[in-house]
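Should a chain be cited, it is by its letter among A, B, C and D, assigned in written order, with residues numbered from 1 in that chain.
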């Protein structure tokens, strides 16, 4: 995010569509960012009390189309359930708004591709919310790659384990572990390496909760990635690491290895008679990636201002889905499977 | 900060007096805190443009007494130069406002004690801004002490080194290294151990910049603390650690040792042909203690609400000054010196 | 290696067969071990000068059968090239000697199984030299598993990268990366988990030196393991990590994770203006595993004395080969392959 | 220890005088070193059984003067109680033997100086056994200093804490904590910095065992060092760190800081529900410094061979004693005290 001489910091007027957990995360971060006005918050369940609760926003509405009708609004954040993403993206693009859309960009291929085409045709900016791209630790790996410290990339390793499984309700409508959880890792695999995956092999199992298996999903997986450039990668996923949110990445190449370790609750250790103990990795993803979420929005706003290109494009959003689809196919077939193009 | 059953989260109306660097830090943090209204910002150089710049505040004034006259204001933050602290404290206390005052509480003993007495007589709350008490890493050491993991305290070690010396202008009006820089470490020595220091011995020298010596100050020091309970401590200070802001504490006792290490810029390492390299400690104190500053204000606001006692009292502010005074005396005499009571 | 009440420390008389690199390693370690006499060293190229060079040994011979003929000798160490292991094992077993044999136990399945049967029939002790089982760091993981700290095992990860590729001569007669290098990791996969592998999938490539590819081998691999008990594992191998010998293992389960990190050249770091640098992992396997080699021999000698069972059996040696064979098959077929039983 | 072109590796014939704990350490290490013959072991309590027990030695004697009378012996290791060091040093020097003498070089100033003069007059080599100088971790700090990575030295910090207090018998004849324990740290202060100490200030106390106080000694101390070149240092000592042998050093200067951390029992950690735990520092000094003791002897033997200068001289031995004497004086006077020259 080198800032050129034409860099502007002019005010951007936005609307937030959907005020669930992630909508609230973005709302709080926007309060910490200069030169952005939240003109609207839209949510179908919004009430009069929201005016006080979200006093940073000028107007609370229940119909997101009110936002799209307002010519003052430059950009919208789409934070609604996944199945609504394509339709809202299409409407926002047609209204000429720049779009920040939470991941994944949709569930249904046909809808996703229609939204993708509409965004291209309407020539609006579109960013997918893969927040981990904005984590400073992972960015340091990319710095090392860009700086040619790594040399030829050979092995990528991603450890990504949740602290605890989601509710069974959530599991059932999540689209499965690959579309819900691994999709972040698939995006990171492409972001960290700047390379495309050719085929995927999955060894997966239900090891944590049989109810997840009964719902047709798995909770533990090792995913091998074979890239088009010959390098290889592996992702290991678990829905439950009792010691916290385990998020590590290493990139190994001919000139060296860059490795991002977990962020711990504190740097403090205790040396006692039995052992030396330190704090665990931060437990909750919102806490772990609190700064990444803010940086993500700042980057999007700068893209809206025209200061740089969007850092995580619609294509990126679709390619992560293609990887998730290939993973599901491999789990079902028990064999490596090719990754489909857009 | 255990929150009891009577815990309230009612709104607190405040005014900020002085909008220099630290005033701005507090202003930004207040924007991230719920249930607090900034009714006033007072600064003798405030202009009309500040209304837009500090739009979270309702009124911008040049005379802080306007704030004190407003019965709606419950508390003030005093962020002006040190020599003004006592007079403003006295005025605010007489106006019945609770007070958060930046460190040190003053330069002149007579003024400080007058302010101290006035605060007691007026029965208002008073907190000194020793932000490091609110750093989560150092708090973990205190947790270990309170939890009796440490056993009998025996040795305290504080490493406190700045990334670069301040300007010579700043050095000249700083009150000297002990009053300006070590004062934080003196407060931490008392906070971490919950014990009082009996005598102080200083080995100090000018090793970084002769201009600091010409101004009658030193830039490097090792300070031995002998506590009333028999335990011992050592602080080492430097005005310039080229690798960043070096802030480490360890507390050693009969049952174990708790040790807080530096916070690094990232958790990412690079393993190359010559060595394994990791990021440096965060360079700047505002970045290093960004969360501590926010926690500090939250704690003060909760004290104003009556949820708990003030966590860093006027006595604490004075005792840190007494330690700085004893250190200066020891540097001059070349011998250990007793620490004066309040 | 709990030592029971019947523990004896009586002297053991041994002979070493083969004095190449690994024979010399064992010779030096034996000098540090009490209650063992090296009666013979046998090597086809031994000369009179060896008497002075290996003065710990009583006799230097060129024909290993001289050792087998001596009734005073209780045990032999077979340290010759792999293709000679089965024939020497059979001869030693028939002579009633306990046997320590370097890995792998042989190349040819028929010979290996004949040796295996002969050892069983002759009822002599037989230990395979998988030295990593005796590394104190990896043993701590096993301690944690045995202590039920891990809970149900779910994910095993082994990183195993050499500091530099062997000579092309060595590559050509090595039996391929799986039989030469990964065989250690296959043994560790079984040792760390105490579980058996059901099927193996390999993504492998030539990324370091095309000459290795020209010789029909690969130099980089990611190997997925699916265990019979449902858990999964992954091994990543590289013939060249420029930062040294990279040997890490982690075992993740329902109750926690145990992780062994690399052993560095020193614990010393340097914090400078650009970064904080630490020493690299130890470069050479003999240095990294110097203590493990000694512990391995001590354990074998204690097995010979009857103090405990052999810690790494002939079956273990064969099963590691079965894993290597399945890996080769998967690399060729591009699909996951079942692991054959003994 | 750069080895020049004239480097020789000829055999050295030695005798060990005194076979207590440290004599045994050296005996075991000598078995691992090439080109050295142990011709004699002398101990007043030696018995016939020692011939088998110490079978590496050719002769076991009770009178050390037998060793000195043998012209084949080039060098002796003096490992007897401290009060015998000067008399044995004098006898060995007069017999023309090179001398390795355990620390401290003596208790009584008059005897020490007589031995010192005799060694100079007889022109034999003399090395004091300050083993920590040969620890690879601390040597890395010296490497950084010599490489000018540190720049101008400003602050030295030595943490040196024993895992448990010695027996009261030992305490009583130890010469006090400074002469027995801190003497190593005093030597390290000079070795690490290559600078001389001007004055010393001690804050010391009895915090672990009142019986130590009753014997006229202390068990906990913070010792400030002021060097002739203006830099400062601090040593903190405790007779009891429940988590193991705590041996850390850091050297801070204008260009950076080098820091040697503890050596842990293993590199393995366990991440569980409550915390992440790692192994403790090695508990026992013989284990912690096992390699340093070997390197120390190798260096001495190379000095005997004429390959390099003695690395830890008689002067070094005396200067460490001068520092211990100044520390005792400061503890008694409560003031900083000058360090006497030889």
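The criterion applied here is as follows: contacts are C-beta pairs under 8 Å (C-beta built on N, C-alpha and C of every residue); 3 or more make two chains touch, one makes a residue touch a chain.
Everything numeric here is computed off the predicted structure, so don't read it as measured data.
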Could you tell me the least number of steps, going only between chains that touch, from subunit A to subunit C? 1
Give the label of the chain whose average Cα location is farthest from that of subunit B. C
How many angstrom lie between the centres of subunit A and subunit D, each centre taken as the mean Cα position? 57
Geometric centre distance via CA averages, subunit D-subunit C, whole Å: 38
For subunit B versus subunit D, what separation do you get between their C-alpha means, in angstrom? 43
Could you check subunit A for residues that touch two or more other chains and list them? 241-243, 255-257, 271-273, 279
Okay, in this complex, where on subunit D does subunit C touch? 28, 31-32, 136-138, 140-141, 144, 149, 255-263, 265-273, 279
Could you please specify the touching residues of subunit A with respect to subunit C in the complex? 152, 154-155, 157, 159, 161, 201, 203-205, 207-208, 220-222, 224-226, 230-234, 236, 238, 240-243, 246, 252, 254-257, 334-336
Help me check something: in the complex, which residues belonging to subunit C touch subunit B? 241-244, 264, 271-281
